[in-house]
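Shared between the two complexes below is subunit A, which pairs with subunit B and subunit C, respectively.
Here is the complex of A and B:
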């Protein structure tokens, strides 16, 4: 597809977020929101479910130069429906010029998207609501002190799933596959993005804007505070997540999936895990080989399936047996 | 006692009791809450009753955070914020200039302000009204732990100033609290070294507090002009917050090496990197939080960082 985003040279320079927001230094979600807003332009209204980013606006300050509405955890897509309908009706009646139409963007964390707001998102997608949905996924309830959410991956330690004698690996369940849950609704556009891969992100948003109906984005959002890494490494971790195959970058147009960034050779997941305190228990005091291998196996499995179905060049996964004999 | 005397209509009354009140001010991530806990536990180990609590709210890593510790030899019935502390521990000196944090507010006559500062100055300064203790805890922490986390040493320092708690008790409390947080043994070990160092560094001072009559705090009337901000009508006004004082390290651009590739501009989470007409970065130091993503991501290694040290009142 023709795109105006080929390199960082085409990065939009208009600024829609002022400095001075009260997010943590190095917040991955802020990077995504800023770039997302730049790609969409200024005519945007953000509907924000409870989460970290609701604290962008604390009276009397706001960093946003666009409109914003705050909803309860479960109801951001419902709020978006109301705003969309109101705009449509006002324009139909001629009370609002067509030029003042706004793009309705739902902004939620993984808690609202994966758990509490799942049913209202499902309803909005089913009704074919014309909106953007941006999830900043930091894989736990970061705002309240990093409790486990539906997005928490296997092996992560959170305040509600600490490593214990019974569960030495921390969280013993698996991360929900929200991409597939949403894809089963057959929306026009659905993609995963990561703050490190900016050109990929800009292209996807550009592609999405060509469709009418639900346009859904799930973004990895490295969280220095919750994941336990130095704030300067936010982008580095996001990049590692993609290169290790933990966070696949893909899009689905009317349900047809295509991977946009395919690592030729996967890096071992250990490189990604080691840098974060939430996985520290997998390495110290004793190395939990079984748990690390399990995470690696799941990643291998995923990418072998991708290369089989999409006909990419075979991605060389990490061979565990080979690694152990080294 | 009737209800009226507990809740006077025009203010909150502070009662004086045989109790030591300590207030901690710092930034999210420095260990403010943990510090108040360590002090509380150390006091408990020394045979006192203790209570500690942080303010829960919209605090973030880097944002101003407050925590409280009360120490007494009898049951502590008082709850809530401490408005008139005997000791304030200012874990980040830049807070002194922050009009929202106001760490020194309400310090009792004869009370101690313990300030973590990189500024040179007399370690102990006694005046008629207050005692100022200056310590450079952050540099010690960077030396021993390698990160500016100062929860345990700040507690140690405050413990010594109370005159009630011995080093042994602080060390014991540090081990218990930090182990509970799940820190590695090696990290706890380093913290103990730091605690020991800072406890010894802290000057001796026996705290003498002149009793003050209970006083009422001013209650801001919502109808008064004082709470009206004309700026709230402006969108994107958060730059007025000046989050620049969250920094521990300051990024500095070497324009000789910069090629104008915009990577720092793209990845700045806070729009604190602006571009000049040549697409070279200009860092907005009033708002840069010092996450240092730009330092790490710059492909030309044209951005370095220095330790933030600024003079405050």
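Here is the complex of A and C:
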């Protein structure tokens, strides 16, 4: 496909998000929102569910040059449905000129997307609602102080899954695969994105805008506050997540999956885990080999399957046995 | 004026939405409300009505969509019942806080557990503090009229708040009664088109539902709603006058029935009013000075009118088809609060709880309530009186025996 975005030179210069909002420094979610907004332009209404970015709007201030509708925790997609349907029927009845139309964008964190709002997003996708959904996934309930969510990965410490002697690994369940849940609805466009891979992100938004219906984006959103790393390292963390294979960048057009960034050689997950306090218990005071290997194995399995089904050249997984004898 | 047609309360609600030329109907099925959305879906699909009906995945989503569509400038209608209202409950406060006018028809159904289908008013009265106005119907005709009234009051720039119109499940929802419709010109004369002053549209940046930090801002906005909903009482009267001039039908916030010289008065809402009125007529024939006040507008609470109608009476009973567990009747407490500072308030104020889960209240039971008012010594002060007949008790005993429950009840 022809694309407007070949390198970072094509990065749109228009700004829709002013500086000075009261989010944490280095918030990955904010970076993604800023880029996302650039790609969509200004005639947008953002429909939000409870989460960190809800506090972008504290009366009487807004950092956005677009419209905003805060709904409730569970029902931002339904809020988008109401606005989309209203604009459509008003245009159809001749009560609103076509030129007054808006793009409707749902913006939520992972708590809303993976947990409490899963039902309403499922409904909106199934009905074929014409909207964008941007999830900023920081893998926990960040706004309330980092409790476990359906997006929390195995091994993460959160305030509700603290690592203890009884439970040394922290969270012992697995991150929910929202990509696959949404893909099973067969939406026209679905992708994962990451703030470190801006051109990839811009291209995906560009591709998505060619479709009518649900256009869904799940973005890794490194969270300095919850994950425990220096705010200057957000992009580095995001890049490591991709290079270690923890956060695969992919898209699905009407359900057909394609990975857009394929690491030829995977970096060991340890490089990614080590930089974050939420995984510190895996390394100190004693190294939890089993837990670290389990995370690595899951990543290996994923990419072996990808190379088999998509026919990529060899993706070299980390050989745990070799590593241990090193 | 069009002819009178026989229709159910549900059909009357659907007709009201059609006459109001609503743009958007977010929907979700629940008994006994479902016939409303089925009727509207049929009309829209046949092309006799131009609106968008979308079935959501829950009442919570349904109400969310209703609120945001209103803020985008659409006239919105929706309906639900019982657990549906409770499932979407969070959004009631939001919609009111967003200042999003719309009309929600609640077809009353008692709330589980135990799960049942028939009506009482715990569902709708749970919403009384939300900022929604509430209008309660006695007959199918009221359903149609009150929905049209509710749009006019809700969308008035002095109000800009949502409304609930309540009808009793089964007693009205599935009961056919004669209903007079309005023709297009009459509706146009009564109900101006809806527009929202800051609807979402291109090149206009609007923020709805922002957070506030600080109780003073929160209080300011809440007080603002309180002022607007209070103002709605006057807007309702203006609308009722206009409505009467067009249709000849008189709508009042509180309707008096044989009140002029009444000494014993029953306060009541919704469909059991019809039976209670018959009891009043019967007592009048026997020379008992009985009367009745039907509360149509529950929010804003018409305290002033209620006081006017009740002061100087000997004794008043409030019939509550609801139960605030651990207290008693809800409308009883509101009536008592309204009367507290009135000099010539009735000496006796009796709380009567009946009709829970649609339990039928007979003419004789209403007569019995009036007989208590004539003998105030028999009235237990401040304690709710539960209407429960002997035949009903026998049936409960039989059921418990079958269920294997032994011993004393």
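The rule is short, and it goes like this: the second predicted complex is superposed on the first by the 326 of 326 C-alpha atoms of A that agree within 3 Å, B and C clash if a C-alpha of one lies under 4 Å from a C-alpha of the other, contacts with A are read in each partner's own complex, and residues count from 1 in each chain.
Convention: a residue touches a chain if its C-beta (ideal position, glycine included) is under 8 Å from a C-beta of that chain, and two chains touch if they have at least 3 such contacts.
Source: prediction; values computed, not measured.
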Requested in this report: With everything superposed onto subunit A, say whether subunit B and subunit C fit together or clash.
Outcome: fit
**Report entry** Touched partner set for A:21, first subunit B, second subunit C, both or neither
**Finding:** first
Query raised in the report: Where does A:224 make contact in the superposed view: on subunit B (first), on subunit C (second), on both, or on neither?
Result: first
Query raised in the report: Thinking of the overlay built on chain A, is A:86 touched by subunit B (first), by subunit C (second), by both, or by neither?
Result: second
Query raised in the report: Of the two partner chains, subunit B (first) and subunit C (second), which one does A:94 touch, if any: first, second, both, or neither?
Result: neither
Requested in this report: Look at A:59 in the shared chain and tell me whether it touches subunit B only, subunit C only, both, or neither; answer first, second, both or neither.
Outcome: both
Requested in this report: Examine A:123 and indicate which partner it touches, taking first as subunit B and second as subunit C; both and neither are also allowed.
Outcome: second
Query raised in the report: Taking the superposition as given, does A:35 touch the first partner, subunit B, the second, subunit C, both, or neither?
Result: first
Query raised in the report: Between subunit B and subunit C, what is the tightest CA to CA spacing in Å in the combined model?
Result: 6
**Report entry** On subunit A, positions contacted by subunit B and by subunit C
**Finding:** 55, 58-60, 62, 64-66
Query - Complex contact set, residues of subunit B against subunit A - result: 28-29, 58, 60-63, 182, 184-185, 229, 231-232, 235-243, 246, 261-263, 265-272, 275, 284, 286-293, 295-297
Query raised in the report: Which of the residues in subunit C come into contact with subunit A in the complex?
Result: 23-24, 26, 50-52, 54, 56-58, 60-62, 64-74, 76, 90-91, 94, 200-213, 217
Report summary line: As the complex stands, subunit A meets subunit C at residues 42-43, 45, 47, 54-55, 57-60, 62, 64-72, 74-75, 77-83, 85-90, 92-93, 95-96, 99-102, 119-120, 122-123, 127
Query - Sites on subunit A touched by subunit B in the complex - result: 8-9, 11, 13, 15-28, 30-31, 34-35, 55-56, 58-66, 157, 162, 195, 198, 224-225, 230-236, 280, 284-285
